[in-house]
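You will see two complexes here that share chain A, one where it goes with chain B and one where it goes with chain C.
Presenting the complex of A and B:
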């Protein structure tokens, strides 16, 4: 593998030196493009006090292409499917090379605080979210308690 | 601004034996990979590569990026044009026709002034330069840059600092310990840093240590012996670390060490001061002797008659005092005579000056008279000429007045009457000028 681009080194250094509150991202020692991410569920959301694990991989042409991110912890969310894939525009069509790991993780944290059932990835969840929001939120809380609390 | 210039063509380096030591010859410094010495303003950082801008360009939306970053971003957007449109990475504004413009020069100057470490720091170059000068540094000055081997027949490269050897450093030699082959230029680095076989025994504990670890081992070897702190002041005690500490508590000389050291320092300071004073003294002595030499002829004059008088006793004087008094008398007479002569000369000179000045005064008055005469003549000539002109003017006025009406005729004649008065005053003014 080619040498790590300066940009990735700098981003990693900054993530370590000034971590974002409620988010941690640690690179693997053997592959510095592969990060273990933990995101705390935002307060006043069904995911509050849950800690969600994600994996993040920076492809070879990062930052020209978006990082690949996936939830490892099971989560009940209309924009996140069973495999942990995330439906977020900035991870796909709206990616810009001026975005960075830290901003993307903040976007994901914000997505937890504001689910968007109109642009679903998990259709069943989105359906339920639209039909009976209270029940859906209740399920999300239960899942959080079950899977995202140690 | 460091313009990318390619210097000597890349030389084949695949022949080099040690792959770890073999780095491609750096011709073009990648400004993005440089290590910046000081922290720089975050506004100078490209949002794409997160380094200070390299060849910055400006998009329509006034966002600035490195030229290469914009190109990369656009080529990626092109490739996936079904999904992406060409937009500014910062504000997502559509950029029509890829309109990019240069940035103000001042931005480039600020960027070129940022201090960076030499890219060959990994080889040992300690230089820190302005970013704008780093390409020049690597191309022309850096002691660790690869240049062609001084040997004509050799196609390989050496570090610039090894050029002084003036010979080919590419003959293959064998490491004495690990038997692997290296070029001469790499052997030293191998021996001191990489060789895994070469061993040396510690002078104290006799343990076999890798050559490259020897220095570190000696520093922490438990068997290493050290002399007493007061060794230079006469304590012969030599022991291991822990015994030495106990000795230091009891050694009277060791207790004196700070005091003695201070005394030594004072002594050295005094010696230095003394040396300085000696030097000054010698200068003063030489100047004194030169003064004496210039004075000596006159003292000899006084001395020699007296000594001859004392030696022979046949001189006309009874004693030195008498002689001196006589000398004094004669000198006084001499002085009187000289002053009389001076006053005489003075009187003569003043007489001469007076005579001369009288004559000059006379000449001056003559000249003045002549000038007055000439002025009179000139005046007469001028007035004659003026009268002539007036007459001509009057005749002309009359002749033109004949062609015009009677009223203008009267005005014209009036003018011709006024004219002479004015001209007269002009002429008088000219006269005073003369």
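Presenting the complex of A and C:
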């Protein structure tokens, strides 16, 4: 494997030295482009006190292309589908090479705090979110309890 | 003569403004049709006087060079009015999707905010250059070696030249973007202008960038569309708007001879409007073969209408889905059969009648569909066969020239006939899709008569085509007559249908207006 670009080295160092509260990202020893990520559900949200596992991979042309990120923990959210894929503009068309792993993870945490059923990825969830928000939030809470609390 | 002038002036003003053309359209239409009626019998008249029929629309095909020069012309024009550089003007025009009037108006009112939203900001005149900045760290690659060449747009977000270059290459090569590439900084909407791009990227990317820019021009303009034919680089201009598609079927012909619908870019589907065509194609894709088989081999459960195939056993059927028990022969309740288990002679019972009724209805709707579909498919198939036949004939044509001493020009009637067959069959094909969605009234009878006439003429001509080559020479006059008759019948059919479509006199059993 070719040498790790300076950008990735620096970013990793900074993630370790000054971690973001409620978020951790640790690279695998055998593949420094592959990170195990944990995000704490934001308070005041149905995901509160849940700990969600994600995987993050930095492709070869990172940071020209966005990192690939996926939820590993099951989650009930209109913008996250059954396979854990995330619908977030900064991960797709609005990606900028000046963004970082840190900023992306913060955006994902923010997405947990503010679901957007008008731009859905999981259609059934979004439908329910719009029709009966209370019930949808209840389900999200149950899923959090069931899957995101050790 | 008057109407001709109007027609021509309509064409020339096309570049600028379509509102006017539409009006002159309607105006000239009325007269023209009245004038045309008396001399329907003489096809030569059509060649002398290009009268516009109700089904025809104005259009024009443009080569890539034309498109480029159009762009340049508009940029020059607007740049002179706004007093902006041509780079900036190009960005502004692209930002407002080439709506000149809106741009000029908005710019006159509040120039700063227009510049700002287009990603330009206050302009400074100096040419862009790369710079070495002391103590600089690139935010993308974190490189901080001294002497690093860097670049920033007017927004001041500075990155090293290498990263900038990679970023632009990524956008142009992999994402196919051109007109709306923004500064790499997250949330900064400053557009990378052509001059900066020139400075930073390699030559081969520049040409790709130009191609993409031209493409966005056509994509952005509502009155321009790429010709969908494979490898064709032309674009066609036509003034028909999306909202008019329920009233008109805008068939246009590219310089490459491909005829397509400007509304949906499918191949010519006159006389049927775009929306029914879309539904029809979907329906055919989903249904036709399956429907054929279902119709031939199955019946429906009289209670839940599940489709059932009887693959053996007695007439006592139990529906898997709803557990309804019925008799396969009379479709009546099994319980009413009493003890006559294995044969059914009960045709009078109510339940059986009802069951057969409901089934008859659904069969009927299926049969109705198949009626139209078979004819539609038949014309499609025949058009292909006609073409094959023509290819064979063409070879024989060469032989005919040698043996009978006819010249090349003298055997061209076969080519004309073949083309007529193709276009007429294309039209006929779609008349069936059209008819499928049409509600019956007394106009549908006229339509069907027109359809019948055209169909007969086409079949006649097609039959002549199949004659041995030796006989073709003798049939020449006859074939030419039939060819022009076919063309004439096609014009009549299309004209009638298009007129009624324009006035909204057809009633459809589906929605034909495009959504807003």
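We take it that the second predicted complex is superposed on the first by the 150 of 150 C-alpha atoms of A that agree within 3 Å, B and C clash if a C-alpha of one lies under 4 Å from a C-alpha of the other, contacts with A are read in each partner's own complex, and residues count from 1 in each chain.
The criterion applied here is as follows: a contact is a pair of C-beta atoms (placed from the backbone, for glycine too) under 8 Å apart; a residue touches a chain by one contact, two chains touch by 3 or more.
Not measured: the values here are computed from a predicted model.
Enquirer: Clash or fit: chain B against chain C, after overlaying the two structures on chain A?
Expert: Clash: chain B and chain C overlap once superposed on chain A.
Enquirer: Quick check on the superposed pair: does A:90 touch chain B, chain C, both, or neither? Answer first, second, both or neither.
Expert: A:90: touches chain C, not chain B.
Enquirer: Given the touch rule stated above, what does A:63 touch, chain B (first), chain C (second), both, or neither?
Expert: So A:63 meets both chain B and chain C here.
Enquirer: Touching A:123 in the superposition: chain B (first), chain C (second), both, neither?
Expert: A:123: touches no partner chain.
Enquirer: For A:98, decide between first (touching chain B), second (touching chain C), both and neither.
Expert: In the superposition, A:98 contacts both chain B and chain C.
Enquirer: Could you say whether A:146 touches chain B, chain C, both of them, or neither, answering first, second, both or neither?
Expert: neither
Enquirer: Could you tell me if A:10 is touching chain B, chain C, both of them or neither one (first, second, both, neither)?
Expert: both
Enquirer: Give the stretch of chain C that clashes with chain B in the superposition, choosing among 19-27, 109-117 or 181-189.
Expert: Stretch flagged for C-alpha clashes with chain B: 181-189.
Enquirer: What part of chain A is shared between its chain B contacts and its chain C contacts?
Expert: Residues 5-7, 10-11, 61, 63-65, 94, 96-98 of chain A touch both chain B and chain C.
Enquirer: Write out the stretch or stretches of chain A touching chain C in their complex.
Expert: 5-7, 9-11, 61, 63-65, 90, 94, 96-99, 103
Enquirer: Mind pulling up the chain B residues that touch chain A in the complex?
Expert: That would be residues 32-33, 47-51, 69, 72-73, 76, 83-84, 87, 89-90, 92 of chain B.
Enquirer: In the complex of these two chains, what residues of chain A are touching chain B?
Expert: Residues 5-7, 10-11, 61, 63-65, 92-94, 96-98, 100 of chain A touch chain B in their complex.
Enquirer: Can you list the residues on chain C that touch chain A in the complex?
Expert: 139-143, 157, 159, 163, 166-167, 170, 174, 184-187
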